[in-house]
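Common to both upcoming complexes is chain A, partnered first by chain B, then by chain C.
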Partner chain A sequence: MKKSAIKVKTGRIYLYILPFIIMFAVAYIIPLCVAIGISFTNWRGGKNIKFIGIDNYMKLFQDQGFWISFLNNLKFMVLMLIFQLGFAFLFALFVQSKRVKLKGFHRRAIFLPSVLSSFVVALIWQIVYNKNFGLISAVAEKIGLEDKVPLWLDDPKIVINSLAIVLIWQFVGQYVIILMAGLQNVDQSLMEAAMMDGANTFQSTLHITLPLMKPTLIVCITLCISGCMKLFDTIYALTGGGPGSSSMVTAMYAYNQAFKLKQFGYASAVSIGMIILSLILVLASRKILNRKEEV
Partner chain B sequence: MKRRICLLLIGIMTMGIVLTGCGNDKDDVETEKKSADEDIVITYAHFQGEGDCQYESIQNAIAAYENDNPGVTIKQEYYPPDPYLLQCDTWAASDELPDICMVNGSMASDYADVGSILDLTSLADEYGITDKIDQSYFKEMSFKDSIYGIPWEDAHYAFIFYNEGIFEECGIESFPKTIDELIEDSRKISDAGYIPMAMGDKALWPADSLAFSAFVNNYVGNEWFEHILDMDGKAAFTDQEFVNALADYQKLATEGVFNEDLSSIDNDQRGALYQNREAAMISAGNWECSSLVGVAPEVAEETQVALWPAPAEGAKATNSVVSSSAWGLALGANIDEDKIPYAMDFIANYICSNDFGKTLTENQGLFTPWHVDYDASKLNIITQREQETSGQPDVTRCLNWDSSLPASVKDVYQRGLQEILTGVKDADTLAQDMQDAYEDVVSMQ
Partner chain C sequence: MRSVKETVLTILANILALLITFTCIFPLIWLLYNSVKDKYQFMKDTISLPTNPQWGNYAKAIKLGNLIPATFNTLFNVVITVVLVSVASVIVAYFLARYNFKGKKVVSAIFLIGMLIPLYALLVPMFLQYKMLGMTNTRFVLILPYFAMQVPLGIFLCESFIQDIPREIEEAAVIDGCGLSQIIFKIIFPLSKPMISTVAILTLLASWNEFAFATVLSSDSKFRTLSVAIQSYSSGREMEYTLFLAALVMVSIPIILIYFIFSKQIINGMTAGAVKG
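And then the complex of A and B:
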């Protein structure tokens, strides 16, 4: 009797969510299928379209520009995993700490950049980084260090680090919120017991809080990896992938192939390549983290 | 029970929204059909909004056309410049370009290649446009010897505005004649605390269109570039004269002629550096003459116009300046057969007209590729100086590489120019990269 009641409920729920499934299919599934289809053609827009098998994917394997862009994504990923999640964890601990006052203000202040449009973020940081009237240059000038200020967005050697600072600032708030939720689930009695056994704050954080936060950290790492593979708007607005191709990332590379070179077939192959690489990275990270858990 | 009712209501509302959305589309189609029965509507996409230098001329032309042709409406679809390019590319890809749209040289060839715009060769003859406009202006708007765009500009660019006052302050008596002299004078300007030449290449085209297109022509000459465009195998990007041009362009950056932050500031920001008297020179286009006079009249008073110096040895041309049709009008491939005469009449007799050109030239200092009777005394002082400089008999007019090169070569070239200016690549590597991209294009022809 109970079993049949659940069946009816499930069916109705599917009916109720059908409109959303349709919308999801129209917005995501169908375009993805279309992109897969186009990736096997030489379509350059207009009426002419020809099936060319896996030629685009063969080209993708040998395309240095794509792999350099992917390498840049990986550089961002390493910086984000270390610094964005690191700072987010520290901020989360800070905001959760009993000694900190005005917790609501701190939470909002840290989360604020996450709600700003990427183009607003880019505008703010253009002003911060600008060599002539930038905030950093102005401060450096006051203390007589104007010659030491680097060309944040014009030096190919440091441009990825400069952009990573912006991205860390922009998105750290999201991870702080997730990690704070995870911290709230850590049983405080364990911390208190550790303190009574003589552990200091650092030791109890390292040996109790971090292991108990592992499921939350796995979620953050997964989100961070997939986020780094989707990087586009902030970088596009700040450097356009430059100087030259020094800060080019795969999403921007696909965009350029489509809208600058009009190679829509190849751009679709690049996008599908991006999805596959993202999946590999996410699955690999989960496998590594879960294996450690099993050990 | 309440929960079920709520869920049901949400479901119905969502379905309603979806169906309403579909219903609106249908209604729109019916409305369009209805209006098409009653009136002839020609859609015209452009990026010349209020404040743009061509705005007044175009609006006058549309008003005059609609007045002379009751029942015919030019429906304008305006987008700001950058979104316009993206919108146009999207339309072209989906074969939905409006009846009339603005195209530059590379858009014309790209869209012609995929069949998104009409071949206008015979229509241009039939409506007398080819009699009004010299054949050379159609080159950038052509694809495989057919005309796909009607040029409406005679734009000059890649010449230099220099501040005579700053030059005098730095002890420079005349504009340098060679690249070496330019570097030498730039040191003096830099020592005096000014940026020698401001450049804003964030969008990638300025280092090419506003400077290198003319700079390189002094090294390689028009004939070499014609061979490149004709793909006849008589010229290659690895030719020594071209490599020398790239190497000297890089030298300008390493010797401090340009501002260090050239890849992160845009063209407007570089203009502001000149207007604020922080920079002694900019390489510019003729559409900037009137804005300089309007925004910084004191600086405009001190401004003189010069052309890019040539190398001390081995120059294949002197005093090169880009002369480009820049933008033109094309007809979307899906335009109704019966609308074509109206659209061509509008282009031939209202755009390519004396009234259009007179307003543009007298009010904005811009020129058209057809003859226009205008009052030269109404030109602003900078346009007059530019006309005087570019009109000298020893001037070599050259094409704009931005609108002439195939898209894949252009991408390597424009990014590559930024790479050599910021020291990522050397001249030989970029020349080889361009040649590789070029050979790929040649092999596909």
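And then the complex of A and C:
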């Protein structure tokens, strides 16, 4: 780093930044420490609070409910990686091609749902999915398929898919814009040269565009993975984790332990477990993906 | 002949693209025109356009959901958070970008934590902390969480922006007799304006939209925000769907307007943030 314009004493620097560090710590770091502390107790919100060692963590380890929730996070992750990224990639390729006009319009329109509140979006979809007067039922009725409409949010077998559709609809635009930005950097003359040599569009996409897009795709994959650990609003608004625990995710599980069952000690342990699992997942995926890139 | 084929292909491709995009945003259009239907038409046929627009749905929805105090509470949180995050981001980013000081690594590590931890893992811990302090359901309870949620991204965006500001400007200012605070407030702030606007808009969107922390920390009807007010809608008595739709439209319209005005900043900021996060 080059030298700064003026010499400033360390103390003076902290005079400026310490207030913000304290604010951040009070909101973020201290609750984390408090939660770690409480996770070793049996606190249920009242006056009784007893230190119980690592009992909560032993329980967490064997708690099927927690692991089912985590597995659901992973299920969402797989669905999102395949369908959200897949659609985003195809759409970005398509819109970025020479033939399609109004690129800016498409980009803006498809990104629009991403800026809306995911809670509000979930409520919109609650009505879209409604059996009696929802948008999908109404369309199905018009084309005579009303018997084929599934119970989107009440069938444990498909509820995760139904929720994934909502999430894909809302956030696909984020991936489209990232991928479109990446595609702009791919040298078009390489594609043209390959076409001259007799490659078709599919071949040149597979052998030229895809390898060149690798860094951008890695960004999208890590974003998608960390996004799936953050799932809460959509689930809370649409199913609350049900029916049964078929769409339960870890954040929702921690919420239920705390606010439905008042097991604050255990809920803290669940939160800490969730942080650890998500850090492992995010860091591991970064490591694996970045190593592949070097090869 | 070839050019005819090309033209046809181009037209087809564009029709397809428009069709896809239209399908993607149709639920929003559908929401919009259903919000002014009377309830009988809505129950009978949700696809057709409203025959007898009920603009009164909006006034009823505002009254029923108590949306005016909720709007005030939301704006209160949004404005304070936006100001705090913008100021903090520039100041912290400036020192991280320009100076080597003791503990600098710790400082950036602290803020990096904010980008790595899944936000909702903090829902229970934050609730417990504020409950112990007796601060849930107070006017200011959401400010700190919202600040902490957005400031890491703000710092990151500003840090790379400030790094690109030429040092010569500051050096010239020092020669002219500027002190540290003048450099920050009279030089760095004005020069960082484009990035500050991006950070401010992203913060505005996030704090306007936020739901989970609002419902956990401040569900009291006196301090509740718009998202929480919307939630109590669906749990209230016999719900009138058209009014509910009108309420959803009203909560989203300001965000959509801001999006169309500032889409460049929003898209740039979100992309850069995603690349980092």
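By definition in this document, the second predicted complex is superposed on the first by the 262 of 295 C-alpha atoms of A that agree within 3 Å, B and C clash if a C-alpha of one lies under 4 Å from a C-alpha of the other, contacts with A are read in each partner's own complex, and residues count from 1 in each chain.
FYI, a residue touches a chain if its C-beta (ideal position, glycine included) is under 8 Å from a C-beta of that chain, and two chains touch if they have at least 3 such contacts.
Here the structure is a predicted model, which means the values were calculated and not measured.
Once the two complexes are laid over each other on the shared chain, residue contacts for A:N48 go to chain B alone; chain C is not touched. In the superposition on chain A, contact of A:K260 is made with chain B only, not with chain C. In the superposition on chain A, contact of A:K131 is made with chain B only, not with chain C. Legend: residue contacts after superposition of the two complexes on their common chain; A:F20 is shown touching both chain B and chain C. In the superposed three-chain model, the partner touching more residues of chain A is C, compared with the other of chain B and chain C.
Within the superposed three-chain model, A:P243 lies in touch with chain B and out of touch with chain C [touch as defined at top].
In the superposed model, A:I288 makes contact with neither chain B nor chain C. By the touch criterion stated above, A:L151 is placed in contact with chain B alone, chain C being left untouched. Look at A:L206: by the touch rule set out above, it reaches neither chain B nor chain C.
In the superposition on chain A, the residues of chain A contacted by chain B and by chain C overlap at 12-13, 16, 20, 23, 45, 126, 132, 259, 264.
By the touch rule above, chain A contacts chain B in their complex via residues 12-13, 15-16, 18-20, 22-23, 44-48, 126, 129-132, 151-156, 238-246, 256, 259-262, 264. Remark: chain B residues 4, 7-8, 10-11, 14-15, 18, 86, 89-90, 92-95, 110-111, 113-116, 202-204, 259-265, 273, 278, 333, 407-408, 411, 415-416, 418-419, 421-425 touch chain A in the complex.
Contact residues on chain A toward chain C in their complex (touch as defined above): 1-2, 4-6, 8, 10, 12-14, 16-17, 20-21, 23-32, 34-35, 38, 45, 91, 94-95, 97, 99-102, 105-120, 123-128, 132-135, 138-139, 142, 169, 172, 174, 177-178, 181, 219, 223, 226, 229-233, 236-237, 250-251, 254-255, 257-259, 264, 267-268, 270-272, 274-275, 278-279, 282.
Those residues of chain C whose C-beta lies close enough to touch chain A in the complex are 9-10, 13-14, 16-18, 20-21, 24-28, 30-31, 42-43, 45-47, 84, 88, 91-92, 95, 98-103, 107, 110-111, 113-114, 116-129, 131-132, 144-145, 147-148, 151, 167, 170-171, 173-174, 180, 183-184, 205, 208-212, 216, 227, 230-231, 234, 241, 244-245, 248, 251-252, 255-256, 259-260, 263, 266-267, 270-271, 274-275, 277.
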